[in-house]
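Going by the order they are written in, the chains are A, B, C and D; count residues from 1 in each one.
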């Protein structure tokens, strides 16, 4: 792709918005052309509207962009959404209908029947749900990224689907960056654990069935599996660590599981995407791995690291899985989804439709 | 008890030894008369031999004691052991045979058939195993304290034994004080989670069956229950937080569980012990409780705090439990065990037997 | 004092307000009778209006109080103020004029000429400024507590005033509890240092001159000394650590300084106050002390711990000083100030004046 | 340089040794050919001998090297030393005499008269001291890297030398990675500050005079300046933050200082070195910058970030400076020094002299 596609980042001043901007700074296909945020920020220079909380400073070319209001007439064919749920609920479909390829990191529309909930390395084919969106008249598309906590678990389980995943027990130890900014007060988390994250266990117990489900015609047949989750916040900056136990219909051997992970290349349709995790999965032999600080940046923050596979006396096997919650689990994941849309040809119609859309 | 019983603290310079000294400083029944440690420390003033890592400074009267070697002829009727496992394995039985009441915090002898593994609030009657020790000729006694991680879980489950505890899944988030001093390197735990603690899961999966077992004649019939554990270290000073799921033979209602916890007074034989947790259990209504920093010091660090009781989609119920690992889970627990020995009359024989033993 | 004086806590739902309630729970002279807060909280039960962030739960008897609005007609003779600065600015004088003894922890009125800025152990006589308040017609009184960061330094320097304190250089490492709740975001402080605290250096560079000043007639002659401060936030819960260098007019010996600290009993007028730090100062011989986690609770959080006294190659001497910022440096300090007012007889007039004021 | 020079890393299994290996993995001039460590590690595969504490895993090609003993006959022309002080004291000069270019990160030989103490961006000409080494018969050379804490301060002050630096007061807040592995116990530093680091203040108060000194003929005339330091350990992984006050002979304006920093290109001789920090100095306009977590990785961890320049009421100006302690302040700095040796032609003689030395 010799010319880059313009991207509008919505909710650009928040922590996920900042990650979008950081990760898109050197993207081979995309460039940030528009940034938008709530009325409080609209009209200001991005650098002034934003309390930049990532390392360093915002890229100079973005720093000088004027923040647009959320109801602006965006010109970019691609829209990355890090919007609050209530705003996203209606704005994302509106933009998709109007001809944008909307890649959302918000939970608001994830469970809609005709909206794909994508982790391309494991279910890239679900992008075909967009055809249903087209049939109902949308000129663009809306695809969504899953809850960040579930990523390491579903990526670990995807190569094991053939054994029949019946029961999943998971306990998470989640990084504070997952709660945005200002997010978790230091008064609450220093020398402490918070054994509750509002709304999290519900998402963790329901999204995997859709993600791991099968595309049949126009819809996803959810995987039938029972999940029990307990979600905790720990004093870690980035990287969600999850202790998983899993019970199978056809119990594999330890060696079969290890082999499935080692050989896993990810879904065919995702193989050539620039942000595809390389590798998709790393199994660490270290007795005390994965660890968030030491493994979260594997594969540029996109790789899932697994360790400690062993027998479980209640279900079949236990392991620990780790994924970077604001890269693979948020902005990086949504960028990967947008790449999939483009690679699958959904952008061409958009480029024709959208007034002012252009490549550079 | 108008006069106090002398106590020897073995392994007195380590972190658990320091907790013994801190907690015994104002004890109504006991006073620290002797401190002992490895050859490196023996012969020095306690204050010089010890890198005191608890807040403040060691109590003045202890600071000036001379550290004895571990093979000294101890005069104290009560011996608190925070010895390393290999030393404890043989020294604890030797001292018990010689007439001391040995209350150990070490794992070495916990699973011996005739050694009680006591949490007096739930199994004080197990102290009767000492009679078997007497029959084999020991003039004293040896009782042990459980692994610190399991405390919050077994205290929570004890009042629920009537419903038939069949399966327990637990994932711990453990404080760094559990690894002693220097223990966990800051390089390993700052901004990090260590998803492995050597030997811990094995203890956690086997000790509860003995603790929750039934005393019949001369031995403990272990509770038949299956346990699966995953143990993690988190950047918290004190207090082990555990996410528990439990499956029952006769599933109780939520209300029945809450009622069982609220009414729980602890074992009859333990009711008058000075270190009995008051209350034994606190159920916190807070949506995000228990938390280690805010709940570990409940009841002087002896109370177990439970929260978040809710249905589990795999087993029957889930909850979070928390206990102070170096107070209830170590030194405080061993002191409580020693109190039980004294209250049950095991000290009188010792006082007659032990040369030089005296009250003051 | 056989009967306790009623206290109203203003700003009762915030972190300093919570400390007031925690510390007054077992106070020998005072009892909390009224709690007040902003309109958002007024009318609710205290337990419902408050996100209790200290360990455990609020005391039951306070939990059930109804939160009053800030413009209520308070009946308590004593008012503890943890109000926001803008509200305090006018409300504190109004309440003092109306007959309350107002002990404030807010900066708003600290530097007013006729308002004492008290650390009773070092300048209890400054309370005489209240006579000037009376002369201008106030039926009550207003006294203030200093900025929390300066406490450890001025307490350390007070016994050295005879040597002529000319220059003070100080660099603080401050706990996150100093910023209230939610205060510092964990996103900002985990694995980090914030080398700036808004408005702090200005207070630190100007308040000591008044605190260490001399009462002459109706006013305080400020100590003439130059102060340079750099204030930092570090990932510590409680306890402000300060590296101090000091230059004297008449350079004492190291031994003279140590002697001055060891012999320091605090101001005569403060000796019998229940909250007087006991001791006022502790000098720690540890090479690496004082440390916030290990020394902040000395003397119930009221004692200043000093260590590392040594020569300075620029000024005369360097040392490290530490004080608990929300106990000695906030609520505990304001309680001590209120005790001084009562001990100096300022309450009697109030009890006659204030309608409904009573002891119980 | 089309072929790379072989490098031996001594003390390769420690934390600084690991940083050497990490940073040299993609170095344009150097490749790690030999790794050596103490007898405990010698003979093992590097991956087995090393507890790798940096993120990820050691590079595969290094993981398979056999660890050599420290008395091996090294073939590499370049030697990077992260040796313990006592070993370094004699081994480094021995290797330099034998023909190696030794770039040391150890303090043992820093203050030797004919050993350059280099921060090439500010004193690259000091490398000429090597000529004195050659004259006394060494076939190779020995150059040293400064203490990590002083880096941010001397880099900030170097462009200000023209104003006459008379007095420096500095208080550091140092990361735990500075103490190696296992280094600082988490029991000592979680929720805490350690206001003492053994031997640190002495180095900080004496090394800058040599670093900022002037090369005249065969020796360095130390800068005459008085320094007072207080060094603290804080719970931060990487990055030393230092609060500096400085007094000048000819007080510049704020603008002059800012201009000196902005225009600073570093020493002429260092301009083309691959590891030269780019830029050498960044001045951050953020009110609360620099911060270790957000600024330590500037310029790949080699750039010094400065902020908060303001008047000081005791000396002339205050500011905050930050430098990555294990990159710029250790391994990265020593690599830069080795680059300077090569760029200045000191390697050619070595290549002729050293048996088996080769490029690839």
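Quick note on the criterion: a contact is a pair of C-beta atoms (placed from the backbone, for glycine too) under 8 Å apart; a residue touches a chain by one contact, two chains touch by 3 or more.
Treat the numbers as computed from the prediction; the structure is a model and nothing was measured.
Contacts with chain A and chain D are shared by B, C. By count of C-beta pairs in contact, B-D exceeds the other of the chain pairs B-C and B-D. Mean C-alpha position of chain C lies 44 Å from that of chain D.
For this pair, chain B with chain D, the centres built from the Cα atoms lie 48 Å apart. Centre-to-centre, using mean CA coordinates, chain B is 40 Å away from chain C. Chain contacts: chain B has residues 53, 190-191, 235-237, 293-294 touching two or more partner chains. Per the touch definition, chain A reaches chain C in the complex via residues 15, 53, 176-177, 181-191, 235-237.
Interface residues of chain B facing chain A in the complex, by the touch rule stated above, are 167, 169, 171, 173, 190-196, 198, 205, 226-228, 230, 232, 234-237, 241, 243, 245, 287-294, 307-308, 312-315, 318, 320.
The residues of chain B lying in touch with chain C in their complex are 53-57, 190-191, 237, 284, 293-295, 297-298.
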